[in-house]
Amino acid sequence: MFYTDNILQFPVRVERPDPLFARALQQAIGGVEGEIRVAMQYFFQACGARGNPKFRDLLMNTAAEELGHIEMLATAVALNLEGAPLKLREEAAADPVGGAVLGGINLKNLLSAGLSAMPVDSDGVPFDMSHIYASGNIAADMTANVAAESTGRVLAVRLYNMTNDPGMKEMLSYLIARDTMHQNQWLAALEELGGAQDVFPIPNSFPQEEENREFSYAFLGFQNDGSEPVQGRWSEGQSIDGNDTFTSRAMKPMGEKPNLGRAKPSSGAQAEQL
Amino acid sequence: MFYTDNILQFPVRVERPDPLFARALQQAIGGVEGEIRVAMQYFFQACGARGNPKFRDLLMNTAAEELGHIEMLATAVALNLEGAPLKLREEAAADPVGGAVLGGINLKNLLSAGLSAMPVDSDGVPFDMSHIYASGNIAADMTANVAAESTGRVLAVRLYNMTNDPGMKEMLSYLIARDTMHQNQWLAALEELGGAQDVFPIPNSFPQEEENREFSYAFLGFQNDGSEPVQGRWSEGQSIDGNDTFTSRAMKPMGEKPNLGRAKPSSGAQAEQL
Amino acid sequence: MFYTDNILQFPVRVERPDPLFARALQQAIGGVEGEIRVAMQYFFQACGARGNPKFRDLLMNTAAEELGHIEMLATAVALNLEGAPLKLREEAAADPVGGAVLGGINLKNLLSAGLSAMPVDSDGVPFDMSHIYASGNIAADMTANVAAESTGRVLAVRLYNMTNDPGMKEMLSYLIARDTMHQNQWLAALEELGGAQDVFPIPNSFPQEEENREFSYAFLGFQNDGSEPVQGRWSEGQSIDGNDTFTSRAMKPMGEKPNLGRAKPSSGAQAEQL
Amino acid sequence: MFYTDNILQFPVRVERPDPLFARALQQAIGGVEGEIRVAMQYFFQACGARGNPKFRDLLMNTAAEELGHIEMLATAVALNLEGAPLKLREEAAADPVGGAVLGGINLKNLLSAGLSAMPVDSDGVPFDMSHIYASGNIAADMTANVAAESTGRVLAVRLYNMTNDPGMKEMLSYLIARDTMHQNQWLAALEELGGAQDVFPIPNSFPQEEENREFSYAFLGFQNDGSEPVQGRWSEGQSIDGNDTFTSRAMKPMGEKPNLGRAKPSSGAQAEQL
Amino acid sequence: MFYTDNILQFPVRVERPDPLFARALQQAIGGVEGEIRVAMQYFFQACGARGNPKFRDLLMNTAAEELGHIEMLATAVALNLEGAPLKLREEAAADPVGGAVLGGINLKNLLSAGLSAMPVDSDGVPFDMSHIYASGNIAADMTANVAAESTGRVLAVRLYNMTNDPGMKEMLSYLIARDTMHQNQWLAALEELGGAQDVFPIPNSFPQEEENREFSYAFLGFQNDGSEPVQGRWSEGQSIDGNDTFTSRAMKPMGEKPNLGRAKPSSGAQAEQL
Amino acid sequence: MFYTDNILQFPVRVERPDPLFARALQQAIGGVEGEIRVAMQYFFQACGARGNPKFRDLLMNTAAEELGHIEMLATAVALNLEGAPLKLREEAAADPVGGAVLGGINLKNLLSAGLSAMPVDSDGVPFDMSHIYASGNIAADMTANVAAESTGRVLAVRLYNMTNDPGMKEMLSYLIARDTMHQNQWLAALEELGGAQDVFPIPNSFPQEEENREFSYAFLGFQNDGSEPVQGRWSEGQSIDGNDTFTSRAMKPMGEKPNLGRAKPSSGAQAEQL
């Protein structure tokens, strides 16, 4: 069950409203690297967590935090939109700044939301909940969370670099710090699950003798000239999961030319295919 | 530039066509954990790779491999659909098996594709390319790839467990092995980039003194009663990136009650809001 | 800012796990009539509320309630999926019940989520956040909320009628009651805004003398034979907003045949169009 | 069955083509508040109408009207796009106006449609037909229609305020008037169905004694400090449906901590979860 | 402007309601091969038609026809759903037929629409208006229309073969006939535009001397072993547009290895990329 | 199986980076007329090809070519984005050019991809794989391919006309030539299948005596006044498939007023509908 107190988790100040920055901030709300994504991802991972119950608590606790981040960013978007023009005046053609601003914002922030935030990205594309990765495998979930916080912090840094507004920089400085923590937090969860050698390959409950071991630790090359693929840590030495040694070779096809044969009568194919 | 040879990377055999399993296999083609996702993700990461050029080669090489996996799975779907009925006969009501099969398949595999594979998931939802994570940050991309291969292998294992067809088990045993390798491969790439302590927090190019360090390594609690959040590796000890020590505490709001004030005239708000 | 306590708002019990009912329940999570929709709609309406601050509080308070409803339903889905088969055994063809069940579930609940809930509807289609209506006009938002709770309660009633599980009926009986309240709650908010005669037409801040008053209260007919359109309360008597009297008549086109003229050179049109 | 006469329902004139306004107008075509939405919503509600046949006629009649509105707006978009540049000339960097215009339009109006309208919103996002609410409950449909016409009129007013073109203002003045009528029309339909006290709670066919009446008219608070939620018409007095009296109180969780137990073997979970 | 008469274009009778067939019919409404697609495609092509005005009339006339087809099919879906169960009775586990039927329908037809049609496909995926191809090039539009009617007739034939209901077969026999006509109709339009030799390559307004003529009529091979690609009418003889002669050869890459260089500071890349 | 060589199929040079043109080029990658669409369409058509195996080879060969086109365009996007600003400096308001550029780009190319290409269109909308038309009918597939290459070449011509950069014009001149070939290639495939008279109506395997022949070659009018629809090649003379003669007439409805009767009890309808 959830509660609210109507107070922002961290101060949100905008000294100079900037509608273009409002558009950029939308990516941190409704972009695939944004806060709706992590809030809902942790929420659904929590709801589906099986096994040690501490992970459910950990996930739901941080879901609550992220909901507060959406609230902060939505406030920041609205405050930045204060400067947006509501009109395309006659003189618009002669006023490139106004035109550029109006052209540059997500017009839906004005037309659909009356100068408020929306659950869309910086190009006005609505967030699609298929981005909520909640696999039922706790380790796969944690790797997805590390990935989400990594692209999330990359985005926050880009936003931080894009603005000179002190209030916005202060807010983003907080959000970047939280992303630092969350990257570490989910990595720590992986460590608690045993670290790389216990965790991988995910799922670790599948008996590896049932996989085709000839290909489990081989770096395969698909270069047109049959040459060795580019070498690196992935082509030699012990595998990261500690279970074997990396090898490397060019791949040759092992199957046949696929042939589905003729189409069935009544299947809507062309007569020549029957 | 890409080339093909019309031969399957690995043999695809179906001993007993099973239209319900065809539906399940669609998840491995067009699901968010599927092969279109990784093929296109590595492709676009390669196209946007900056810095050490070996990562471009590594990524594009494995993109080529994954294209061949889509081809294998598409063949497997078509072969499994051979057993699908094309008719709802009059006796359908009396033939629960036929009805269940027809009810259970992605009907589009029949109606749109004539018993062939489609770029959709197991519920017939088309793949949405917003799932291609290619951030321009090589480490964020690698974490996204570990995550993709983790959910990918979880899916492949579930499919393996779901079928008894020897041909399908053999094919999946190969694909599971490749997922093992790819998890290790992207983890190895992270190691080549310096390992956890050098790589994290991502992006490592942002000066951490500009983030709000008070919150960078603090596990914050959002429990309604103000109690400590659930403890674990994430709440004490050295942070995984090696830059600080984890702490833990309940969070208190630091901001104010947000207030956007009154709406602008001409903004389409209700008169009471002006 | 949001808080959680890891306890369900209302008891969720499933006496007899039913995977098909789990599929149906998904509609109440990720369907357009579902709980993600209302939770996020009230959340974003709150974040964009301008004017009397009590509406922000009202909306955010109920957003918190709805988050708890998602949590309840996600738990109910997982509990109902306990009965789902993980295998398509050889004997599947001969076991219509198992086949029907496996064919009938959202296969992604198994393949993507490991027998847990997802933010998708009953056909496995992910929720699309464009369904969050938050217009910046408080009265338009309230009408959208009445509509959302109306389709929401219709859905909950259909689910209630579909199951015989006492635990599920008890849970739904609670959710139906909350929908009753929420319909009344948002209608009460409209009353607080002045009731139909003050609120409509939305937005009430637009001077009606600037609209084409000849058509503001005329029920227009588009019947092919030029006959009167079907009569009712909408074709006579005082308008509901109290501003005029309904009339009714067949419509005749007042414009011209549209003509865009010829295409521009270099516009990629066919030569015949230039 | 439908007919057309190739004549616009109302005159569409553009005195000064404005490509940015063309982009804004796209919201009224393919936005969620736009004309495709209402045309198709009334169409599908009509097709599924059961009970008194006059509602089918009412709905289909207005669907025909709305089709003509799409036609008008599509013409307006094309006429406004006449002024769009087809080139990014070398001097573009030095010509901020041209750049702003080209940057500001939905580029697809040029690249995909050759300076014509598309079924997309003002940010180029295609209309998604999941926004067609047609519930099979006539009253829920009518509330959805009131909501649709409310956000529709808000949008039309915003567009009206955005432009100074006399032709566009005249067209929008007509569309705003029709939205006034349609809000009143669907409210009148609700009145014909008995008004608020008969209609609500929707669906009124569900016996209220089967819902958990303790919660049917209680305004519940989810404030973190357990305080009373914000008071208003919704917290005291007779309920709007006339069936009871509003009360108000802080909510306490009534359920338990959810616990899904351990994961099943073969379910693709991590070994620690089994 | 559009008109309606509330009468079906062609009789719609269902002798034996079949909920699974209702699901299949949904593909003809909201599938990418369905009637919403063609109705809206012809509508938007008409609205954007430039040049000879007869094409606008032709397109809008047939758009009106297709709207009537949606109406027919929506009626057919509702009639077929009459047989759908509303309950998962206790005995469901023991009643595979009922379970299969309920499992097999688009559950949204029941839960969202109360046993009526929806603008979704046979797997419940909503129609996405990005499938409306209206290019502003009249010949490209006509080829898109031939393609749409081709997949449309393939679908209608598959539906015809799937059912034994005489009423449904009669309705589909009409729709198949109309698809025959429409394929011929759009081919005839291409002939009126001059036939293949005048129409192609589309757009025919681009001066072919500006394209890289070395590659305009060469069938290029991308076989891994450098062998000749598969020969056919496309590799020799006069080109279909009559402008040249087909040749055939294996392709060699002409570009270089792409190199984007190092990432910019402040671009959110990893330090190693800078 | 697929291979790569890391070399571009054709040189990609950008003399003057232009971020607005980068946005436009995105349409050729992730737009519905773009290269992902054709690459994946030919790929899936190949995977589902039944009958003469030469079509599988033809399709997969050209799929490989198109993958190389995506690679070229992605490189071109990244090179054009080199000129994009990373900051909204304080002076942005006074620097309309920078503001216009930043406002005009797909902000996601910066925020999500770090100045690289993405699988989205020119408005930032991700590509949706439902646009992959692979019908299982070889002739329907070929007509879909002609249509795809027609809109594809229209798009490439528009891009060519939009830029003055010699490198970009050279690249597009190559891509336009390939579209010329591909239009001819798929038309040649239709000729190899017998040409219009053998191929149409698609599917040609359906016995035309089972369709309602009265309507198979009649151009029907849906004009409101009952007048003849616009005449042309489609209303007289031999049908293009050679099977009959075109006729023309106004259509009259042949069905009845649809009537679904009353709603079922327990179906969630309003009491008045039961």
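By written order: A, B, C, D, E and F. Residues from 1 in each chain.
Here, a contact is a pair of C-beta atoms (placed from the backbone, for glycine too) under 8 Å apart; a residue touches a chain by one contact, two chains touch by 3 or more.
Being a predicted model, the structure only gives us computed values, none of them experimental.
The chains touching subunit A as well as subunit E are B, C, D, F. Distances between chain centres, each the mean of the C-alpha atoms, put B farthest from subunit D. Comparing the centres of all chains, each the average of its CA atoms, the largest separation from subunit C belongs to F. Where the sister copies subunit C and subunit E meet, the same residue numbers recur on both sides for under half of the interface positions. Averaging Cα coordinates per chain places subunit A and subunit F 28 Å apart.
With centres taken as mean Cα positions, subunit D sits 10 Å from subunit C.
Residue numbers of subunit E whose C-beta contacts span two or more other chains: 1-9, 32-33, 47-48, 50, 56-57, 61, 64-65, 68, 71, 75, 78, 86-87, 96, 99-100, 103-104, 112, 114-116, 120, 123-126, 128, 130, 135-137, 139-140, 151, 154-155, 157-158, 161, 202-203, 206, 222-224, 251, 253, 255, 257-258, 260, 263, 266-269.
Here subunit F touches subunit B in the complex through residues 1-9, 30, 36, 40, 43-44, 47-48, 50, 56-57, 60-61, 63-65, 67-68, 70-71, 74-75, 78, 112-120, 126-130, 132, 134-137, going by the rule given at the top. On the side of subunit C, the complex with subunit F involves touching residues 154-155, 157-158, 161, 224, 266-268. Interface residues of subunit B facing subunit C in the complex, by the touch rule stated above, are 16, 18, 20-21, 23-24, 27, 31-33, 96-97, 99-101, 103-105, 121-125, 151, 154-155, 158-159, 161-164, 222-225, 251, 253, 255, 257-263, 265, 267-274.
Considering their complex, residues 1-6, 47-53, 56, 86-90, 92-94, 96, 99-100, 102-104, 106-108, 110-112, 114, 120, 123-126, 135-140, 193-194, 199, 202-206 of subunit E touch subunit C.
On subunit E, the positions that touch subunit F within their shared complex are 1, 3, 5-12, 32-33, 54, 57-58, 61-62, 64-65, 68, 71-72, 75, 78-79, 86-87, 114-116, 125, 128, 130-131, 133, 135-137, 139-140, 143-144, 146-147, 150-151, 153-154, 157, 160, 170, 173-174, 176-181, 183-185, 187-189, 191-192, 196, 200-203, 206, 208, 210-224, 229-230, 232-234, 239-241, 246, 251, 253-258, 260, 263-264, 266-269.
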